[in-house]
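Starting off with a structure, shown below.
All chains are identified by letter, namely A, B, C, D, E and F, in their written order; residue positions are counted from 1 within each chain.
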Amino acid sequence: MHKKVVAFGEVMMRLQVPNYKKLEQSRTLEYLFSGTGVNILSALSKYGHTTELMSKLPHTNLGDAAMSYIRSLGISTSYVLRGGEYMGIYFLENGFGVRGTHVTYTNRKESSFCQARKEEYEYDKLLEDVEAIHFCGISLAVTLNVRETVVTLAREAKKRNITVCFDCNYRPKLWDSYEQAKTLYEEMLALSDICLMTEKDAMHILGMKTKETERTKQLEELLPKVAEKYNIHTIAGTMRETISTNTQQLTGFIIRNGEVAYSRSHTFDVFDRIGGGDGYTSGIIHGHIMQWPQEKIVEFSIASAVLAHTTYGDSPVASLREVEALMNDAFQELER
Amino acid sequence: MHKKVVAFGEVMMRLQVPNYKKLEQSRTLEYLFSGTGVNILSALSKYGHTTELMSKLPHTNLGDAAMSYIRSLGISTSYVLRGGEYMGIYFLENGFGVRGTHVTYTNRKESSFCQARKEEYEYDKLLEDVEAIHFCGISLAVTLNVRETVVTLAREAKKRNITVCFDCNYRPKLWDSYEQAKTLYEEMLALSDICLMTEKDAMHILGMKTKETERTKQLEELLPKVAEKYNIHTIAGTMRETISTNTQQLTGFIIRNGEVAYSRSHTFDVFDRIGGGDGYTSGIIHGHIMQWPQEKIVEFSIASAVLAHTTYGDSPVASLREVEALMNDAFQELER
Amino acid sequence: MHKKVVAFGEVMMRLQVPNYKKLEQSRTLEYLFSGTGVNILSALSKYGHTTELMSKLPHTNLGDAAMSYIRSLGISTSYVLRGGEYMGIYFLENGFGVRGTHVTYTNRKESSFCQARKEEYEYDKLLEDVEAIHFCGISLAVTLNVRETVVTLAREAKKRNITVCFDCNYRPKLWDSYEQAKTLYEEMLALSDICLMTEKDAMHILGMKTKETERTKQLEELLPKVAEKYNIHTIAGTMRETISTNTQQLTGFIIRNGEVAYSRSHTFDVFDRIGGGDGYTSGIIHGHIMQWPQEKIVEFSIASAVLAHTTYGDSPVASLREVEALMNDAFQELER
Amino acid sequence: MHKKVVAFGEVMMRLQVPNYKKLEQSRTLEYLFSGTGVNILSALSKYGHTTELMSKLPHTNLGDAAMSYIRSLGISTSYVLRGGEYMGIYFLENGFGVRGTHVTYTNRKESSFCQARKEEYEYDKLLEDVEAIHFCGISLAVTLNVRETVVTLAREAKKRNITVCFDCNYRPKLWDSYEQAKTLYEEMLALSDICLMTEKDAMHILGMKTKETERTKQLEELLPKVAEKYNIHTIAGTMRETISTNTQQLTGFIIRNGEVAYSRSHTFDVFDRIGGGDGYTSGIIHGHIMQWPQEKIVEFSIASAVLAHTTYGDSPVASLREVEALMNDAFQELER
Amino acid sequence: MHKKVVAFGEVMMRLQVPNYKKLEQSRTLEYLFSGTGVNILSALSKYGHTTELMSKLPHTNLGDAAMSYIRSLGISTSYVLRGGEYMGIYFLENGFGVRGTHVTYTNRKESSFCQARKEEYEYDKLLEDVEAIHFCGISLAVTLNVRETVVTLAREAKKRNITVCFDCNYRPKLWDSYEQAKTLYEEMLALSDICLMTEKDAMHILGMKTKETERTKQLEELLPKVAEKYNIHTIAGTMRETISTNTQQLTGFIIRNGEVAYSRSHTFDVFDRIGGGDGYTSGIIHGHIMQWPQEKIVEFSIASAVLAHTTYGDSPVASLREVEALMNDAFQELER
Amino acid sequence: MHKKVVAFGEVMMRLQVPNYKKLEQSRTLEYLFSGTGVNILSALSKYGHTTELMSKLPHTNLGDAAMSYIRSLGISTSYVLRGGEYMGIYFLENGFGVRGTHVTYTNRKESSFCQARKEEYEYDKLLEDVEAIHFCGISLAVTLNVRETVVTLAREAKKRNITVCFDCNYRPKLWDSYEQAKTLYEEMLALSDICLMTEKDAMHILGMKTKETERTKQLEELLPKVAEKYNIHTIAGTMRETISTNTQQLTGFIIRNGEVAYSRSHTFDVFDRIGGGDGYTSGIIHGHIMQWPQEKIVEFSIASAVLAHTTYGDSPVASLREVEALMNDAFQELER
């Protein structure tokens, strides 16, 4: 039997103002349901994996709609708890050219997910037949309940030799200070096999220092040290150059055994910015499971990330065939 | 100078699933901003009054969009405070025929409005040149902050001989028990000149008893007693018969000096159910200011209520001319 | 070769507020192009006739869009002149239930059509192979240019033994007084073979008097006199009962050789009110060309009118098969 | 472990012209994926059952979209085969009032489903842990491949004591003659535990005769005989009165052990006509599994059918709570 | 008390074909209400100013919708006269890449605004507590009534030491010849403190000559002379390079005391071209009121202009914070 | 009398997923009707020609909608046969940036067009007053019926000295092998006066060989030989460079009497890729009829092709004025 990839994370409702309008200019919104976990699993489903979300949603029509949407992405919801009262919601105003994209959150602390206690989840059942599990740093930031569940779950996974993937995803607005985050992040790093992070995380969260000023130099110095210190098999991340809201450049890197490999740089038109990074992470997990060499993993992952910017929604939906074509420079502008 | 009508109340965002779909079936929502206070003032603006909302909205793009929308209804927002973090949101799934309409609220307790302390409002400035002020029972239910502001404001208004209009609007889900509500409601009734309520409010909230079993008998017995006890100039309300979600019947009543007057009954097609009752209240306030006899007030108010069911949105937008035409049976199916 | 049916009339742009909103509530409009002539020909195309519009449209993208739309209805535009500057536009706010439908016109006097001089049209070419021609009373109201063209064209048609059909369609807002209209209408009546009118037109425009108070009595007394006086082969019209904006009742009548025949009464749900009457007229013309007995003509015409209320747009698009099914009580709620 | 309900049937794409327009009037379509099997399972998922579809879909983006949609309804697609080339498509023009609804099919004979040979399905795996299986008469009509699969599968189910539910669903356009259908239908009836049919099926397909002229008399005479002859535990069906496309009346009946029970009659506003009958069937299956008395089954089923007419789409999505409320006359026009 | 900025100008309805279609290809339009005055005030409201429009609108639902829209932009409508019959309308077909954008006007000469006589406005009341007033050259072109009002109002403003801002905005199609315009423009220049114009206006309207062939040389020679001759405190304008309909380049200049300052050049993606210039003007007025040095004014103004090309609608809605970020190169592609 | 341009070809329904979504992400589609023949004639109508389509469409609402749409493009449908059962349909998922565009076809072999026998068309009537006729290589691929009709019709046209234009349009998926195509293509080449093809067609379909490796060298060597061998007056085609799905480069060539002329290269933003090539072909036909020199023809044609990429839909709708402006570098980004 095929093993599953699991992600633990919050599901939020995204309310997007259509047609590049500001919220005050529109009368309609488009909506969908997403979250780092949902996004990772969406891509991995497209790449052929069996996927399962661990989360909690309320017994309201919002919860029902979220369940329906997640299943439509090919993700199993058998282990999504139902109960509590609310769901997190965010509003998205897409930028254009020199105008940036704005995200506005509603209060998520009282969501079903953020209020769920760690005792509510059944770890034994959840972790049966699981190959890899994904966590996101945002989960560490929201409530004590969620933090405890994350750490408990990561430990349980580690015990069962399940690959633990941790995406640092540090969002300054969610934390009082880097100090507050440091201990929690260190605990997770020590449990991780794969870690998504950049040299900035090393410097700011972990407080590491370097005399280098160039980004690549910094990451080449710091991240192998991180890998060694916390015994992390794979560290990976991206470097983004913003030309405008509509045009960006992305380069991926991956570090294993102290070796740093870079992908080629893609400059590309952006259709939907949100979830682009999750396209990268899902490539890393896919490549890891496929046991590819790191050069292939990083090229696949960056192609996955780039295509995630060209499809609608937070959750990547490009097909395996499309990612491979971009990776192999076999792009076809019109197929019929 | 023309005196103003003021309303104090929360502004919420309404997110409506279009085309009678369930939330799980759609990908788009229509939105607007409303609230009992906004709805009353929207109608009164159409009837020719200068109107002013007292509320608080966050300094986010949601708050900006709400401000813009409220102004578009012809309501002044000069005294809307800005600050705090969130806004209340509700989702609307319209029913059809034998399928009912569903409203789902998000957590509103942490909204800017619900968190605003009574000291934040400048009562002297707010109540200058004001003819009438409107409060809604929902405000009593939400947070201590709001309760205190409501009572303070009602007292300040009373002191200045401003007509105080109070709509009981008891929502069971917002209260632990009728007992919890009773004291607060009694305090407001004692400050009110106009009160929107029915015999059910008298029985349940005030704990009054009657041996009558028919609605009209009950209200004719109980409500004049309420008026006398709390010294309320005008008590008014509606009786609704539901034929289906699409077809309903409405009859209005008004009580002054112990005299009960009924409007004729309207049976009508319903387009947008929410805010129908606010159409009635605004008719009562308009008629009161116009110093009409109670028979005319109740006929105007019921026509205002019925038309509010035929226009899009919570906030009534029928014109004075349309309300008068319906009141006078001068309805024209096609005007060109 | 099949002879054509021709109509002379203005083409207007209809801008409809969607979803029963008021103009101040929407941000989008639906549009189409119509006019009494266009509507008549649209139905007649569906009934199998070759149709041709005589009109004038500007050389702008509005004119191009109108040409395109009219052709899409199956109407030939070979004789539509191009030139001038503007097109008439009207805004449609659909009513709902007890709320009526509102039509707001822009200034049409300076439209290409209203400014076109009678010398611009080539009558000989236009009237070749024509079986019937339709005129609308609105054309008499707008400008002197149009009036002159109408009368000239009707005379030229009469000369060539083409059936002249005239729809009185008196719109009070377009005239200063009935007196102003009388002479012009009388001139057209004298040229008409088929005339769409009611007893009200006889009384108001022609100034005829009757002691009867009931509608059917009035029309039975007055309209045969009109037919005789102006030598009109067929007079026809409808009687409308409005239950609400959404539900109406319609009965047709037809008068030939002094004999009045009535259709059965249809009570029906209304989807799009505008152009309903034109559905009736086109039935009368179709029945006339088919040389049906008047009982069949009036039943077909009323079915045509009723179905025109159930389809989107001013221009009737029900198929011949659908009209016949309704006429024969062979309505099928679901066909698959 | 909870047993599953399974349905075998084709998945089609529905392309609906929005806003009651004809196809020639619109520029946009709404789409979804449905089929009798999908519809039954959609309702049963809402009623709390684990559901599984057996079908075949092509490896194209249409197939992917269908898979995604079916999963969003809460139906498992683990046993949906992928392969072949095409999918059936149908166009839906909604009628209004006296205008009927039209369905136009594209060629479905070459769809993946219709071309799938019976050897492609793995019966043992499919029928594990299954409580009931549903077949639709349309499957008998399409291709020899599908017919063979239906009969094979029904036999395999019967062997395993799985409840076989067969909906006659005779569509004249799909058959050359009733004679052609008779043998196939008789074979399925003999394998069925539950059968959806009416007296018309008994008379036309089975060739049974009666002297009764009234519907209820006919069904009371014929259907118990059918049940006895083919050893069918439950026969059920509905009687529909069409008031207009928008308003209809429905009464259910159920026959067990020769006893006929009727539901009360519902007259109701129709929002989406397609799939209404499948709402009834799913009620029958639900009641059967719940082992309810037939009076409760028929009332639940008719409420399920009626609500299926009030929700968007072919596939019923009313909640269990809504169906129970309607069954118990506890309808609430507005819930908040 | 805060002083107001006032603009005098026509309000037009903009009807935009969505999704880059031609009018003949669509069935829907998006609409809003705008005008140079509305646009200027929209931006100034965002920059924190109290704003007031002086105009006239008809007492129709179009007029109501325009009022509602203008208020939604944060502009007071207390001094907008109501009456007359029509509103100007324009149709917008957005270009794409090498295909240009087309604007088609309807007849505006008979609009309420163009027909309003100068006696209708109450100048004393209008000009109370006003800091600056804005006029647009288009107003000079339309009707005699408007011309007279413009000049009268400018004189009255000048008398009261209100800053007069005049945007030349010469539209060739609205004038018979430059000669016709010259006298009127000269009169306005003599009354202006701030003037938006380019070297082309100086050469064509004012008939000035230069031997220079380069744009910057021409403006550096001519515009200081204009400023001196008509005693204009500030002259400002932009230079536009069109790369395609979707990509353009803009550079601003400002002239005070004979000193010319240029902004840096922005190359940017264009979302909505209309009203871009008004974004510049509003920056100039804002900087003038803020008493900034001209270098800062021109940088702010060009950022304001560029952002106005990236937001939906004619009326600029970028926030002060966004303009400052662009001015300071602190652009953030994603803010959350 | 003006002579007509005729095209023979299939009409297909295009179902486009809006807003760059994948089919699994949307709930709505936009549709239109197109085909190589329709596209060519759409452009030629804009360039002032009388146009006529030869095809066959079913007597369903799809057929009616197609007829309506084609007429709306200005194309006469008098010779479109009606009958048969189905229409071809294709689904369009627009790509974005590095994500390609996908077209998915339904089964078209059983369409009315593909099933129509060559005897059904009335050649004498069809070819009266015809100047040029257009065929597309796709027609050769679909069914034997269509192949026979194409060849018969081309021969009949040739007999009458009508210019025969043949677009090779080789689609690999529609053929088993190049060999299968060769004979049929050679037959059509021998009948053609104008042929749209590239060096690839010469090498692959005709099996010609060259030692050149550069595209221009290959076409300069091979295509003049083709022209000579099959006696083709004009051979023309384009060379496309894909920068991304959104940005492409196009250069045209034309060959007459052994002389090769190239257009300048256009790099441009792409809005709607489908039908771009047909914009080129229609330019070639227009230039041929206008008897322009080949340099002008190729510049006009490439401008026509480029603009066809900037307008919505398969069928080019740019105006003659717009094509000429682009050809003459007189592009105006905003015209008002």
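Everything that follows uses one rule, which is that contacts are C-beta pairs under 8 Å (C-beta built on N, C-alpha and C of every residue); 3 or more make two chains touch, one makes a residue touch a chain.
Keep in mind it's a predicted model, so treat the numbers as computed, not measured.
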Subject >> Recurring contact interface, reference D-F, options A-B, A-E or A-F [over half identical by residue number] >> reply: A-B
Subject >> Equivalent interface positions on chain C and chain D, same or different at half >> reply: different
Subject >> Farthest-lying chain, centroid of Cα atoms versus that of chain C >> reply: A
Original post:
Taking each chain's centre as the mean of its CA atoms, how far is chain A from chain D in angstrom?
Top reply: 41
**OP:** Just give me the whole-number Å value for how far the CA centre of chain B lies from that of chain F.
**Re:** 63
Subject >> Chain centre separation (chain C, chain E; CA means) in Å >> reply: 45
Original post:
Where does chain E touch two or more other chains at once, residue-wise?
Top reply: 22, 24, 26-27, 67-69, 72, 102
**OP:** Flag every residue of chain F that touches chain B in the complex, lowest number first.
**Re:** 26-27
**OP:** Sort out for me which residues of chain B touch chain A in the complex.
**Re:** 15, 18, 22-24, 26-32, 60-62, 64-65, 67-69, 85-87, 89, 91, 93, 102, 104, 106-107, 110
Subject >> Parts of chain F lying in touch with chain E, wherever the complex brings them together >> reply: 72, 266, 268-271, 306-307, 309-313, 317-318, 322, 325-326, 331-336
Original post:
Can you name the residues of chain A that touch chain D in the complex?
Top reply: 67-69, 71-74
**OP:** Note which residues of chain E are touching chain F in the complex, please.
**Re:** 19-22, 24-25, 90, 95-103, 105, 171, 173, 242, 244-246, 248, 273-274
